[in-house]
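Shared between the two complexes below is subunit A, which has subunit B as its partner in the first and subunit C in the second.
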Partner chain A sequence: MRALALARWVRAWRVPARGHSGHGAHRPPPQQKVSVEVLDHLEHLALVDFRDSEGVERLQKAIEFADQLHEVNTDGVEPMDSVLEDRCLYLREDDVTEGNCTKELLQNAREKVEEYFVAPPGNIPLPKLEERDTFLQGS
Partner chain B sequence: MAAMAARACGGAWRRGWQHGRGVPGPALSPFPRGQRAVACNARVGAVPAGKSGLAPWVPVVGLEIHAQISSNSKLFSGSQVQFAAPPNSLVSFFDASLPGTLPVLNRRCVEAAVMTGLALKCSINKKSLFDRKHYFYADLPAGYQITQQRVPIAVSGSLSYSLCIDSKMSQMVTKTVRIKQIQLEQDSGKSLHDDTRSQTLVDLNRAGVGLMEVVMEPDMCCGEEAAAAVRELQLILQTLGSSQAVMAEGQLRVDANVSVHHPGEPYGVRTEVKNINSIRFLAKAVDYEIQRQIEELENGGTILNETRAFDSKLGCTVPMRDKEGKQDYRFMPEPNLPPLILYDAKSLPANMNHQQVINIDWIHERLPDLPSVKREKLVEQYGILPEHSFALLNEDGLAEFYENVVKQTRMKPKRVIGWVLNNLLSYLKQHSLTVKESPVSSFLLADLLNLLEKKEISSTAAKQVLAELWKGEGKTPLEIVKEQKLQLLQDQKELEQICQAVIDRQENEVMAIKAGNLKVLNKLIGLVQRETQGRSNPVLVKQLLEKKLEVATREKPHK
Partner chain C sequence: MLRASLRQVSAALKEGRVTPTELCQQCLSLIKGTKFLNAYITIAEETALKQAEASEERYKRGQPLGVLDGIPVAVKDNFNTAGIETTCASNMLRGYISPYNATVVQKLLDQGAVLLGKTNLDEFAMGSGSTDGVFGPVRNPWSYSRQYKEKSVPKSHSEDKESNWVITGGSSGGSAAAVSSFTCFAALGSDTGGSTRNPAAHCGVVGLKPTYGLISRHGLIPLVNSMDVPGILTRCVDDAAVVLGSLAGHDPKDSTTIQDNFKPFELPSLTDVSKLSIGIPKEYHVPGLSGEILALWSKAADLFQNAGAKVLEVSLPHTRYSIVCYHVLCTAEVASNMARFDGLEYGHRSDMNESTESMYAATRREGFNDVVRGRILSGNYFLLKQNYEKYFVKAQKVRRLIANDFVKVFRSGVDVLLTPTTLSDAAPYKEFIKEDNRTRSAQNDILTQAANMAGLPAINVPTALSERGLPVGLQFIGRSFQEQQLLTVAKWFEKQVQFPMIQLEEVKGHDRDVFQHKKSASFS
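After this line comes the complex of A and B, so read on.
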């Protein structure tokens, strides 16, 4: 619900910008559906499961929402990647102040062997699209 | 000097190769001593032609080196850095990626990276950024590694290294490899694969330890060059103290990128070779991979852009499992860390706490003498050859040992070097001892060389004494000389008498010598030696015999 309200706010903000024609504002790119290949790739990479068409719809909407950024003319503007960019990066002295809490760390582990965490043998890749039971197959 | 090639895709650089001296055959690599490496044929003008003898191939080798930073605590957390500790005992909540934890940068790690960058003649970026590199693996609990992908701490440097170009190790050539960049990044934990129970055991002690990744441009062309470059980097890191760079303890890890192509054509597909555990194996792995690619292509096959592991037992590379397809690391800026700002003397801020400020110039002023500088100083100070200074620096503690001997003896440094490199070092190597473990100290060796210098013993006798000293029984050289009666006869008259006696006895030989066969003189010298039980100075004996027989022989030039 909050997302919708935000979307409405962004659209409202957008309207005056459109009024300034010849301002150099970029048009949003044409609406395109996210392809099955990209969805499959995402499922592999991030191990998310879109589960059903509603999940994909939500992704689609999120992309459209973010596309509104294209309205803004960013020519010659350095992208900001952190609101911390003007902050000072704190430097710590090279002292040993942590560690030695093996028991605490292992208490959450489902399986352990002599103070080692236990994991499956290597990466088990997601099966290929054809071999998976996923709704993406039908798309 | 041939133009260097860049690895930019679509780049139209040509790679020239050195015009060599036409010396064929395998060259001895200086590091480690006594190990042979496949000849880098590019140095001698020809390039491996493969079996069909058709178009030659140009191998291209680039290296990615991870050096563990020598620090007390980790890059972003306060847990200890230590090799071999109980599993998961050196792990903080941040290292285990528990929610609610944040990275806090370790000042010492930044200084180590700046030192290394300066030593490798890089430009230090006064503003560098941290990024996240995402991939899933059991020993990477966060699911991403914090690294510096967009703007690393140092860029565009170079490393000079030397190689022997002939088998006699008497001629060295200097080469340069460009350093693309140096970046700070986290190490991952360790996985122990238990195939019997189909599981992996994870130890996070190493997770979060600071690494410097040094990326070398593909300016090398064979295993020998790669090994020499890495060896020089190792020495530099150890001299700086920024990393102990011991490959056996995983403090220095090397991945090689290898490809081959025909001269004038675009670069071939490259493979990445991992699991290289020593400098010797690095040379082997690279040379094997070059050969494998050449054979594959000449047989009409193709090279896959894959990751291969070096199997040291079989001496070959095999495709690595678990590295299927190209990884998409989804790099993104690390949101929890502001940019890293470094200062120099000019830009030093006035009102900042100096503990929070890293001054590049301050660090530059305090850099120790790099190996190349040390070598030059040794050559200049002692008049030894560059090859000698290389050998001295190649062995931990040997240069210091040599200098101590020189200080304590009157023998010329040029003569001492032979004893240190040939006699002492070969003994140490034979018994796999380090200089520190040597039963013969610099003091003892100097003592022995003094006896030799004063002509109290012969060179042969000195070797005998040395052999006795190796036993480490605590005897001094003088004691051994007395015990084994190795002192040279000092009494000139006695020596003359013995020479005369030999001359009188060996009529046939004397006639031969007087007739002009001067080689027979050696037999007489030998007989005198026997009479004196090896205690005569052969040079002196020769002079005496010649005088008595009134013959002059050509002086053999003394080394």
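After this line comes the complex of A and C, so read on.
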């Protein structure tokens, strides 16, 4: 009796035999490898480095995975920023209700002078690829 | 006393059968005894005892603050807790002592709850195993249960029984393990792609993801601003409702919380389900879903139908793109949210001092692990000018399609959806780490993720034990802001399945009375 009951539900759920490998019915053509220029650009933008070939591979796979999005027809669909888009955002009155916590805010900083956070000199861009200590050098 | 539910122990406190300090001390002692689980990163022993003492004073005067007064709780380590280290299991925030309490933490403390400590997680809540934090992986308490041990066949006499422990799931694994091993009565987790429900399913506890906008995110270190919610982990559905009641509501410090008045509710004990309509989304029958879970899901559907509810198959056609969409939106938001970690105002700071940019770059290289960096870089790729429309905006459009799928189904009269929570029971750690974090997340988030996309409330209810003796749970997804209905159905289901209690062994130096073995009928 149990088997029958199961079968009633399971039958209705049979997945269409279209080759569900978890990657979509038809794989998009393999992406071109991301160029070193773009990788370098990403390292600059993110201020995070790829560290090794695994890191680059990871990005490559991530892009391949994301390419499945292109299978979906989104003509005439508006992008959705927030699930609460039908509601008005709460805005409070422009009154000062808190502050005066300089000491607490400075507590967690390593380098500070009086009430300033101390940063190394700015306006100096990261060295170019050839001069930087990055895995991408020599790619 | 420790294996009682939150409400039971609260009643006991009120009646004076136990005092808050006794309770707190028992929990702290149990935490020490279950250290091998690695569920906690920080144990706030002194402050917890102080809070317990204050609570005791209140009970003596007959003026407890509420149901939560004196109840030991734990909080995931990505919530800010004033004066207590908040690390997000990352080197980037090691040693960071928050200057403020997250709103949800403050609410718990205002109700008199006793904060035992911060629980372990995947680094910055990125992951589905609680294995990728810098403090090491969390072990599932069920690995040490009699139920699991009886079913596992040792490969050889010399095999180290330590080595086949199973993961908790993630990323709120520490919180789930803490609740499951009786060291606290409720724990806070966070849920962005299933991070509360996944470990809840693997650890056999109730994991509630509330509707986006119901509970304040102020103080929760953000991962994906448009999908994050604080999650609630408890041992039974009634307890989850109690905690929800104290946490929900508008917060002026979080403008994404809705302004509607929230009224805490008590769950009715449903006896008649004939007016209910349960939807079974067929796309959730994904390849990779274990036969066991499929059978359990099917049985649950039968259970509802035999009790008189209307059970029907529904379709959420864009389900299989949900995980891809999440991947793009998540990495994009992560790239933005992680930009704040530069070492200047808080957190780890590199010694590199040549320029601001090089200091930032070095700090981030030293502070983040591969998973986090990988997501930041992917996110930045999708946000490049040349890719923005193609990936980010496209993903936002797909998100609307996914959200609309749910709207259509609920509009057709379905009250609650019933789906599996995970693909299988908890995997052994050795197996889990064979694939990288992104692959595992893509595999494991598949059933839980869509609810975050649409902002809907969802709950995992522990259902039965698998053939390996490990917990398996089922998920209910409800309508927006209809937590009362969702939890009522979940409570009814919980009562029907009678999920067995964990029979923990190997707890050193602890009172035997705590773990009385109890036989109970089970749903398998």
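In this text, the second predicted complex is superposed on the first by the 107 of 139 C-alpha atoms of A that agree within 3 Å, B and C clash if a C-alpha of one lies under 4 Å from a C-alpha of the other, contacts with A are read in each partner's own complex, and residues count from 1 in each chain.
Please note the rule applied: a residue touches a chain if its C-beta (ideal position, glycine included) is under 8 Å from a C-beta of that chain, and two chains touch if they have at least 3 such contacts.
What you see is a predicted model, and the numbers here were worked out from it, not measured in a lab.
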item: Subunit B versus subunit C as contact partner of A:Leu84, first or second or both or neither; value: both
item: First (subunit B), second (subunit C), both or neither touched by A:Glu130; value: neither
item: Subunit C versus subunit B, contacts on subunit A by residue; value: C
item: Partner chain in contact with A:Arg92 - subunit B first, subunit C second, else both or neither; value: both
item: First, second, both or neither for A:Thr74, with subunit B first and subunit C second; value: second
item: Touching partner for A:Lys61 - first (subunit B), second (subunit C), both, neither; value: second
item: First, second, both or neither for A:Glu115, with subunit B first and subunit C second; value: first
item: Which superposed partner A:Thr102 touches (first subunit B, second subunit C, both, neither); value: first
item: Common interface residues of subunit A - those touching subunit B in one complex and subunit C in the other; value: 41, 45-47, 81-82, 84, 87, 89-92, 101, 105, 117, 119-122, 125
item: List of subunit A residues in touch with subunit B within their complex; value: 41, 45-47, 81-82, 84-102, 105-106, 113-123, 125
item: Parts of subunit A lying in touch with subunit C, wherever the complex brings them together; value: 5-6, 9-10, 12-13, 15, 20-22, 24, 34, 38, 41-43, 45-51, 54-55, 58-59, 61-63, 65-66, 68-72, 74, 77-84, 87, 89-92, 101, 104-105, 107-111, 117, 119-122, 124-127
item: Partner subunit A, residues of subunit B touching it in the complex; value: 71-73, 77-80, 86-94, 96, 104-110, 129, 134, 136-138, 191-195, 198-204, 321-322, 324, 328, 330, 333-341, 352, 355-356, 358
item: Residues of subunit C defined as touching subunit A within the complex; value: 96-97, 99-100, 212-213, 226, 250, 252, 255-259, 280, 282, 285-288, 294-295, 297-299, 301-302, 313, 318, 320-321, 324-325, 327-328, 331, 335, 342-347, 349, 352-361, 364-365, 368, 370, 373-374, 376-378, 380-382, 384, 390-391, 393-401, 403, 436, 438, 442-443, 454-455, 480
